[in-house]
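Next, two complexes with chain A in common: one pairs it with chain B, the other with chain C.
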Partner chain A sequence: MINAVGREIPEKIGSYVVKPYAGPMETIEADAPVVSKRKPSKRAVGENKLLPDLKAAILATGLKDGMTISFHHSFREGDKIIGQVLTVIRELGIKGLRFAPSAVVNIKNPSIVSFVKDGTINRIQASGIRGELGDAVVNGEVELAEPVILRPHGSRPHAIETGDLTIDVAFIGASAADDFGNCTGQIGPNACGALGYSFIDATSADKVVVITDNLVPYPCVPMSISQMYVDYVVKVDEIGDPAKIGAGATRMTKNPRDLLIAQRCADIMAASRLFKDGYSFQTGAGAIPVACTNFLADYTEQAGIQSSFTLGGMTGAIVDMHNRGLLRTMLCSQSFDAVAARAIAEDPNVLEIDNSMYANMFNKSCVLDKLNFGILGALEVDVDFNINILTGSSGEMMGGIGGGPDVADGADISIVTLPIVRGRIPSVVDKVFTCCTPGSSVAVVVTEAGIALNPKHRSYQMLKEDLDAAGIKTVTIESLRDLAYSMTGVPKPIETTDKITCIVEYRDGTVIDVIRQIKRD
Partner chain B sequence: MINAVGREIPEKIGSYVVKPYAGPMETIEADAPVVSKRKPSKRAVGENKLLPDLKAAILATGLKDGMTISFHHSFREGDKIIGQVLTVIRELGIKGLRFAPSAVVNIKNPSIVSFVKDGTINRIQASGIRGELGDAVVNGEVELAEPVILRPHGSRPHAIETGDLTIDVAFIGASAADDFGNCTGQIGPNACGALGYSFIDATSADKVVVITDNLVPYPCVPMSISQMYVDYVVKVDEIGDPAKIGAGATRMTKNPRDLLIAQRCADIMAASRLFKDGYSFQTGAGAIPVACTNFLADYTEQAGIQSSFTLGGMTGAIVDMHNRGLLRTMLCSQSFDAVAARAIAEDPNVLEIDNSMYANMFNKSCVLDKLNFGILGALEVDVDFNINILTGSSGEMMGGIGGGPDVADGADISIVTLPIVRGRIPSVVDKVFTCCTPGSSVAVVVTEAGIALNPKHRSYQMLKEDLDAAGIKTVTIESLRDLAYSMTGVPKPIETTDKITCIVEYRDGTVIDVIRQIKRD
Partner chain C sequence: MIVKQPAVAGTLESSDIQVSIFPNPGNGLDIQLQSIAKAQFGDSILETTRAVLAEFEITDAVVSLVDKGAFDWVIRSRLQAACCRATESKFNWKGED
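Up next, the complex of A and B:
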């Protein structure tokens, strides 16, 4: 069958029954209440949660072949939790696990691939599997029992609450914890900031293990996750590499192309009628978002207004804007650098929030429903404004879905930023290889070569008037594609086999695309 | 049948199947995961949660005959939410509701009794029904479809998570809220402090209505309850009477009897080997607890140590101790006065916590499991150290169960404070009329006439040694009873009919006692 973004998808993929993406929804009424695997359980008096090592904790959880384990990805490529835990699981001879972190980051020594190859892991669900693991999957170098399921951030808590993804054991890395499991990522030598991705794991998993390298006196303050959800606590030597935990997102780029894109992005926001006292925005991490935040702060100061909130992943640039009095509150589900991590602990207007509160469309409302401006990165955009944030020009796994589809759908004005070419690869194309975000939810594409408005977006008329009034010129998306192709040539299609390696879910749980196995020479 | 505290209880009470109290437990393994009535649901774009009035909100929830509604009691006798909501429900002609607040406070104009009499409410579950409603129940002046179920604070979230108590519509009063339902009790003209009792209602009810008189710009900070759990928001003129919201708990008593009891209580704590750097305590509200907190603070200062945490309901006296540097953290499930309410918003070491985290023994651990010293009030104690905190000398409903049974069981050393007589009524008796807390969980009884240690308590040996070493004299509980009886005479038994009006549950969900209808002349 063909879904609403024109992708051909089988009705069943193994045992997975496909609900095809059917276009933007209005209201879904669910009959079944949310589910959890957490059980009421009383501890014996004096029973100790603090166990001597990971092996003792894993044995205490009763982890068995075929179960599901989870992790957060807030330590990013500095993560040392996942490798340590999987190594002990391997030593214990436990096989066939479903690996369901919030995202897979490209860790090495040991790599995740080795655990797939030896059968410790045989299924994967995450928002992304960037790097070695992703490439091994799409190239067919590893054999999984079912295709990888990739979900946006907002969709993971929904999948857990509907029971589509049940977690037997959640391993939660924390940069500070006490012996009863109260913990946080905000303080300590390896602080990673908000633990927003882990809240749903803490409340919904059968067993929860907190892993820290910084055991603090009871009670741990700040208290991001409560002891009432934690079964065991383990102290290890090191939970992460601080140099890699911070994504280095605070630096201001000097790349003129990125600065130009960031400036245009801020110009568009400032030109909008929604840019008024109390406006809200999400920029995210990376060179363009950080530069854009700085430009937006200046516009806000010049206008003599204040933003009411920003949302999602935080950077030092956003903290600066807050400290300048230009932004009242920061709702942080993730922290991209040390400055942003620390701010939550120090400032009552910087709040750590549940990732589900941030982005889950099946909540009684997520904060995205209130967002005016959302800035999104992309690997590719096509002439239907569909976005690819997963795969590169030869099908390699370059990114994760992240919160992009959620933000695009939730924000009044969603702005995709990308250069029209990267090296000899066009970024604006006829048809994205992998569709992660439907074009109907994308309002604007900003490139160094021009700004394209999506005439089918619900904000088009308003935005067109506002940009015209501000003298901001726009071009068609087709002209950007033509320009890109004129520089690179028309790209050759990526050849695939029929075998589906990844299922790409949209934020509503439907299938927006699949990734078939890449034919390699 | 006879339960473990010697109470005669039928095997069934109507449709209620009695699990008799069987003594202190070690570990309960539960098979079934926690349940919730909350449903995944998506809001339509632009759908407004803010409704014009209570009638619109109640209609929007779909409230129907026979459903269950809930409220918190954090506005205490200043509450104006319950009366307003029930009045609208009455006007809508909805009947036969189960009324399940965290506790019933003695509100007037309108009184709760009137809603029982006209059939709006026909069942009640709470931690207490003090005042007019309670008396009407135990005197048989109102007809309910089933006996009232009274539960300790820690037991209510457990009953909700097991599905014994399912809530259709939770009405949550908040002293500040935004139009998407983020809300708090910490700020605003009618601040009540921690909303710890409402967290379980927010996450587990089918529909949640936030009611405020102080609508603030989005997002509301502090954010005690997240919009992700809130269906509707209503602004009313007034949620409470600030003069009655604060329980007046901050004043230091001048009553010499109360000061003596408070001083003895602090003497016992300071004499214990558990009184060392990092010790923890819970005192609570009222004249004796406030005085005891002040004495304890002085002892702490003299010893050159710091308490690691205090827990539960907070007063200005505790904030003072924290501000003097003698107490590191305050874990607040409830705030008894304005000073304590404000402290949460202003100080990162003063934390608002879920009542379930505080006291629910079926959590992976509640904070009570870590408590060294717990101070408890009581109406009566008997020679088996059983505690009555519900009924007065003629069976009238004078108190609520509150967190007493939880604290007694959780604290290493639980100290009950009471005068041996009140007026012409003895407080130390042969057998309490209503047993709320089993004597096995009570370590010490402190009166103005002497201190009695419970030889059957697990801390007896340690405590006896410590008090002896400090030269603190103790007496037998029987001698306190004899002294009381010598002043008042032996009380006449309260005569009852066979009809059970209230079922008194213990913190583990078993039945510790029942209250039969009082025979009145």
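Up next, the complex of A and C:
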């Protein structure tokens, strides 16, 4: 069958029954109560929640073949927890696990691929599987029992609450914890900031293990996750590498192309009628978003106004804007650098929030419902404004879905920023290889070669009037594609086999696309 | 023309291509391509390579291409330079329009 973004998808993929993406207004809400595996359980008098090592904790959880384990990705590429836990699981001979972290980052030594190859893991669900694991999956180098399910950040808590993804054991890394399991990511030598991705795991898993390298006297404050959800606590030597967790502040780029795109993006926001006292925005990580935040801060100061909130993943640039009095509150589900991580502990207007509160459309409301401006990155955008944030020019796994589809859908004005070419690879194309975000939710594409408005977006009329009034010129998306192709040539489609390696879900739980195995010579 | 000596043009910087040409008397053309853009532009790069070799009437050579995402006109220029060096010939500027 063909879904609402024109993707051909089978009705069933193994045992997975496909609900095709049907368009922005077609979402049906479930009427069943929220699912959780958490059980009422009493700690016995004298029982020690603090166990001597990971092996003891894993044995205590009763982890068995075929169960589901979860982790958060807030330590990014500095994570040392996933590798340690999987190594102990392997030593215990437990096989066939479903690995369901919030995202898989490119962790090496030990590599996740080795745990798939030896059968410790045989199923994967995450927002992304960037790097070695992803490449092994799309190239068909590893055998999994079912295709990988990739979901946006807002969709993971939804999948957990509907019971599509049930978690048996959640392993939650924390940079500080006490012996009863109160814990946080905000303090300690390996601080990572917000633990917003793991709240849903703490409340929904059957067993919860907190892992720290920084055991603090009871009670641990700040208290991001409460002891009432935690079964066991383990102290290990090292939970991460601070340099890779996010050292210092994300720096301002000097790349003139990125600066131009960032400037144009800020120009568009400042020209909008929504840019008034109390406006809200989300920029995210990366060179263009950081530069854009700095330009936006200056425009906000010049206009004599203040932004009410920013949302999602935080950088030092956003903290700067807050410290300049130009941004009232920061609602952090994730902290991208050390400055942003520290800010939560130091300032009551910098809040750690649940990722579900940020982006899950099946809450009674998520914060994205209030967002004015959302800035998104992309690997490719096509002439229907569909976005690919997962796969690169050879079909390789380049990124994770992240919160992009959620932000695009939630924000009044969603702005995609990208250069029209990267090397010889065009980024504005006829048809994206993998559709992650439907074009109907994308308002603007900003490139160094021009700005294209989506005539089908709900904010088009308002935005067109505001940009015209400000003298900001726009071009068609087709003209950006033509310009890109005039430099690169027309790319040959990536060849695939029929085997589906990944299922790409949208924020409403429907299937927006699949990734088929790439043909290699 | 005859490939008289091994010759190289281009670098391994991103957006460039390094073209190496070696003599291959009596054994035809042997073109080896490594490219970060192979999936989408591999065929196009090989087509350009054969076209430039034909312009130089080179029929026997081993050609090694290490492409770091160069545009077609860069590939063409690097090939022309390598062909001139390998055949010890001067580039025919009048031939371009």
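Operating definition for what follows: the second predicted complex is superposed on the first by the 514 of 521 C-alpha atoms of A that agree within 3 Å, B and C clash if a C-alpha of one lies under 4 Å from a C-alpha of the other, contacts with A are read in each partner's own complex, and residues count from 1 in each chain.
The working rule: contacts are C-beta pairs under 8 Å (C-beta built on N, C-alpha and C of every residue); 3 or more make two chains touch, one makes a residue touch a chain.
Small disclaimer: the values here were computed from a predicted structure and weren't measured.
S.K.: Is A:K254 touching anything from chain B or chain C once the two structures are fitted on A? First, second, both or neither.
M.R.: It touches nothing on chain B or chain C.
S.K.: Now for A:K49: first (chain B), second (chain C), both, or neither, which partner does it touch?
M.R.: Only chain B; A:K49 stays clear of chain C.
S.K.: According to the stated criteria, A:N349 is in contact with first (chain B), second (chain C), both, or neither; which is it?
M.R.: Once the two structures are laid over each other on A, A:N349 reaches chain B alone.
S.K.: After the superposition on A, what does A:F309 contact: first (chain B), second (chain C), both or neither?
M.R.: After superposition on chain A, A:F309 lies in contact with chain B alone.
S.K.: Quick check for you: in the superposed arrangement, does A:K12 touch first (chain B), second (chain C), both or neither?
M.R.: Neither partner.
S.K.: Counting only touches as set out at the top, which of chain B and chain C does A:K473 meet: first, second, both, neither?
M.R.: neither
S.K.: Which holds for A:I425: it touches chain B only (first), chain C only (second), both, or neither?
M.R.: The answer is second: A:I425 touches chain C but not chain B.
S.K.: With both complexes overlaid on chain A, does A:K492 touch chain B (first), chain C (second), both or neither?
M.R.: second
S.K.: Quick one: name whichever of chain B and chain C touches more residues of chain A.
M.R.: Tallying touched residues of chain A, the top partner is B.
S.K.: Give the list of chain A residues in touch with chain C in this complex.
M.R.: Those residues of chain A that touch chain C are 393-395, 422-425, 487-489, 491-492, 494-495, 518.
S.K.: Report the residues of chain B in contact with chain A in the complex, numbered from low to high.
M.R.: Touching chain A from chain B are residues 25-45, 47, 49, 158, 161-162, 180-181, 206, 208, 217-219, 221-223, 226-231, 278, 308-309, 329, 331, 345-346, 348-349, 351, 353-354, 356-357, 360-367, 369-370, 508.
S.K.: Within the complex, which stretch of chain C touches chain A?
M.R.: Residues in contact with chain A: 14-15, 36-44, 68-72.
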